[in-house]
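Provided herewith is a single structure, encoded as structure tokens, for subsequent inquiry.
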Amino acid sequence: MADLARLVQDIATEMRDASDRGEVASYIPPLARVDPRQFGLCVVTAEGAVHSAGESEEPFSIQSISKVFALTQALGKVGDTLWRRVGREPSGTPFNSIVQLEREQGIPRNPFINAGALVVSDINLAGHAPREAIGELLRFTRYLADDDGIIIDEAVARAEQATGFRNIALANYMKAFGNIHHAPELTLGVYFHQCAIAMSCRQLAMAGRFLMHGGLHLPGGPRVVSAQRARRINALMLTCGHYDASGDFAFRVGLPGKSGVGGGILAIAPGKAAIAAWSPGLNANGNSMLGTLALERLAEATGWSVFNPG
Amino acid sequence: MADLARLVQDIATEMRDASDRGEVASYIPPLARVDPRQFGLCVVTAEGAVHSAGESEEPFSIQSISKVFALTQALGKVGDTLWRRVGREPSGTPFNSIVQLEREQGIPRNPFINAGALVVSDINLAGHAPREAIGELLRFTRYLADDDGIIIDEAVARAEQATGFRNIALANYMKAFGNIHHAPELTLGVYFHQCAIAMSCRQLAMAGRFLMHGGLHLPGGPRVVSAQRARRINALMLTCGHYDASGDFAFRVGLPGKSGVGGGILAIAPGKAAIAAWSPGLNANGNSMLGTLALERLAEATGWSVFNPG
Amino acid sequence: MADLARLVQDIATEMRDASDRGEVASYIPPLARVDPRQFGLCVVTAEGAVHSAGESEEPFSIQSISKVFALTQALGKVGDTLWRRVGREPSGTPFNSIVQLEREQGIPRNPFINAGALVVSDINLAGHAPREAIGELLRFTRYLADDDGIIIDEAVARAEQATGFRNIALANYMKAFGNIHHAPELTLGVYFHQCAIAMSCRQLAMAGRFLMHGGLHLPGGPRVVSAQRARRINALMLTCGHYDASGDFAFRVGLPGKSGVGGGILAIAPGKAAIAAWSPGLNANGNSMLGTLALERLAEATGWSVFNPG
Amino acid sequence: MADLARLVQDIATEMRDASDRGEVASYIPPLARVDPRQFGLCVVTAEGAVHSAGESEEPFSIQSISKVFALTQALGKVGDTLWRRVGREPSGTPFNSIVQLEREQGIPRNPFINAGALVVSDINLAGHAPREAIGELLRFTRYLADDDGIIIDEAVARAEQATGFRNIALANYMKAFGNIHHAPELTLGVYFHQCAIAMSCRQLAMAGRFLMHGGLHLPGGPRVVSAQRARRINALMLTCGHYDASGDFAFRVGLPGKSGVGGGILAIAPGKAAIAAWSPGLNANGNSMLGTLALERLAEATGWSVFNPG
């Protein structure tokens, strides 16, 4: 599909020249040091074509995008009983809000806010050592991406751990309600390492393929999750994947997507493409400014929005 | 499509026999008196076929579903400047919450919660008499449905007006922030009448066709809204159409939808179908219990979820 | 007490020369037009001596200070059953907050925030015409002050009514919870007129005497309220009389007090003095900036704080 | 004062026979095991007379009452700069609420809610080892009470530490806002030990004398704090000393007081008495049910309410 290749290039070119690039996350030094001029885009189509542009091979900290893989892993472990401990409604308040937890007795609104992801980490821990749980997630992600080069950035993990007081507060707060089952510091250990997974746009788009293929690793290949579960993870990404700007992302882009403060976004066009965009500068809602814009351009040009007649 | 006709019948049969039907809205007598044993379903396909079952010709109070038509009308009047006065994020709190308005300075989170719909009514009022504004909306709805038999149930409108203290509070509260431009009682008059529009499942599904057809009244027919606007209204329905259970509806059904306390739900499968389901009993979130279940069955059987590979 | 007379004069002199006088309330024109350079102070001692300084004879809009007299009147009508409809805890949020009402099912936290005062007005209305209810309160206030010259400023009442959307919202919101028994517009009529009572510092201090004398109009005179009730009204003034700055007023001044956005403050030194201070400029919490400072000076110099060993 | 001795006895007799005694705090075993039938009362008058009744010599866990002594100690260290890190307004929400911290950027509303007390502990830690800080507070409390027998109940301290997830959450949450200066676990160590101080009613009433004497250890004795500071601590106790029931305590009792979940209450009648009441059963607000009732009886009979003409 020659047009798509050119489109990806054109979008990368537009983004390379953009003047307003947002603000790079500064809460930990390893993120604050990332060069804001970078932009990467990779589109993997249903047919398996890979179109990349910009710094699409540069690894970045996927941060909250890891919540998609961790949720998939946890659902594999405990199935729909997971929803007794985590809701599936948009949060309606900033992503680190603790207010909602008090009102709702320690049950986080969805698995893509920090509190919800901590419960998911607690499920994935499952009585093992944190090291094993994080190793398992890393192997799962490598499998999804067909790429053993994916690693955890230990400097990022250490920095998260040293400054993550708000997440420590969240984990202990939910522990007080009985919704964290392990010692909070163990659950937090899993969580901080999961956020520190580093991937390139190409690796990330590849890892997202199972959500494009209705739960299959590849068309005709082994099943990662059931079709229903793939659909539901996509639904959660659309309603909850961009913190308090999820509605805006659905409005502008119209695709299930999950963002991270490292500037990455994974977006899924079911049956059509798995897409990863990356640019370190964030908008006021904590989502990649150029990544969002690139996906808006791509969805507009391809008609891939799930809200189009198709 | 013989299978679809049978599917619609089968679903209606299952719903007719359901024992747990939820609770009929009781806040005004005309709604409280509705027989909870009723159920209707109507599916209009992209090809124009109409499949109905149950009490699909029985008019019911569409209530909040009117917010979809009113929003479409208001966007036609003021375009995207509307979004200066209304947000487009899920609310994260019960549908009548006033808390969020205080935190966000009188700007409602989205046009499908009551506060947002009141601002939309205020826009549609546009300096005219309430009677004219509501007449215009009624004509627009009749046009969308190709049905001049759609009327306003004056008994419902009067009952809303007599007991709608919470909506009166919302309107006056936003007036204090300057986000209601007319006298609150005029804006409320438009709003209460709009909620009292009565439609059957068939009329409602017909009125929803433009959202299935990418903004066209019919394929090849006149344009109601641009393709982008149709897509965006669908996106808002998916993220915000079921109050604080929007995430759950997306998770279970996977279609843009808008519910009303009269027990109706309008759902859109872009490019495939416009669907109306109705059953008066509501679940704990104020959405039709059997209407939701019927749509879940329909989406599962047809694969129409927007999150499917298609 | 020659020293007290001089002290009152000295304080008025200091306040006359103060450069930072706060901001005059601007939400209605009759208040916005008041000259911010004015300051008045009047101290009535237990022995009946009256010490005044500054513009102590100038009538001003007492606004929320009227809540003390209205509460006293309502307790006389319904006794402690009043506390089923109004709490007696500090509010912890700004004075016009509607959030707390949602959380606490339409029961205002105390009778000195607007919502609570609206319930008190609803009690005082008691099935009569608003005109009669407000006439009764005016007569009661004149009796307390021994002064028939106290009037209602109709221009203020009309302005309140024309712009009081937030209070209209509060009344309708509580009506939705069943905690306003009359038509909201009638209850609001009483409330808006009560806020528009105009009094001078001298009249206000005189009207506060019963709270200094343990509930007696004068020592040895007729009883207005029981000793217990006088004590309790004083307690409410201390914990709730200055909106979200009640703690600060207790900390700095140490006397039961009630402020109004007209810039007046009534303070009680039980057994020692009834005091009224007035200066139109308000601090960030909506309390008279110089009025508070004057009372702090007076309490410090006299040792009248209820927290002193005495 | 023979009458006072009898009054204290009579109150203890009434409380001994009370049937509704509230619920003993059950969140840690050492508190859950306390016999709910106990009641103690001790009144130390300005003249130095000590009147006791019931289990007035039985040590109990003073819990939050320690916040009074810790605040006094911290004010001695940093003076009024303390108020840059802690507010002095009633909280208006349950005592362990984290909501307010989010709204107010990590600044607790007052030093008597847990969050505020944690900041006070952080100030008292002042770069020392937790052991030293807590030793200093213990020595200060012994000095105030003239009693070297006061100790820390290590079993209580360990139990607090093992289950205090909510306090761990609070400390880390404030750390994220920069309002905890030490490592949270150190600050928490001080806090948990301070709560575990055990005192009898007699020891507690003795320790409260400086607040009755305007800041003097004894009349004519050395000064503990300035008269202004004593007054202000009393003011804070009255407005904030009983969590979300502070208004009710002021309304019913009319004295500055501080309660703890161990069932103790310290109350001050300035210039008249320092009082300690204890009964382990708590009311719905977490304050001693019989302790509050006993103080209400005492204040009514003696006329010691600060809101009385005196």
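Here the chain labels run A, B, C and D in written order, and each chain numbers its own residues starting at 1.
Keep this in mind: contacts are C-beta pairs under 8 Å (C-beta built on N, C-alpha and C of every residue); 3 or more make two chains touch, one makes a residue touch a chain.
Just so we're on the same page, UniProt names per chain: A, B, C, D = Glutaminase.
What you are looking at is a predicted structure, and each value in this text was computed from that prediction instead of being measured.
By residue number, over half of the touching pairs seen at A-D are also found at B-C, the match among B-C, C-D or A-B. Per-chain CA centroids place subunit C at a distance of 32 Å from subunit D. Centroids of subunit B and subunit C (each the mean of its C-alpha atoms) stand 47 Å apart. If each chain is reduced to the centroid of its CA atoms, subunit A and subunit C end up 55 Å from each other. Annotation for subunit B: no residues touch two or more other chains. Because contacts link each chain to exactly two others and close back on themselves, their graph is best described as a ring.
Interface residues of subunit A facing subunit D in the complex, by the touch rule stated above, are 97-99, 102, 165-166, 168-170, 172-173, 175-176, 184.
Partner subunit A is touched in their complex by these residues of subunit B: 46, 87-93, 100, 109-110, 212-214, 227-228, 230-232, 234-236, 238-240, 244-248, 250-251, 254, 256, 270-271, 300, 305-310.
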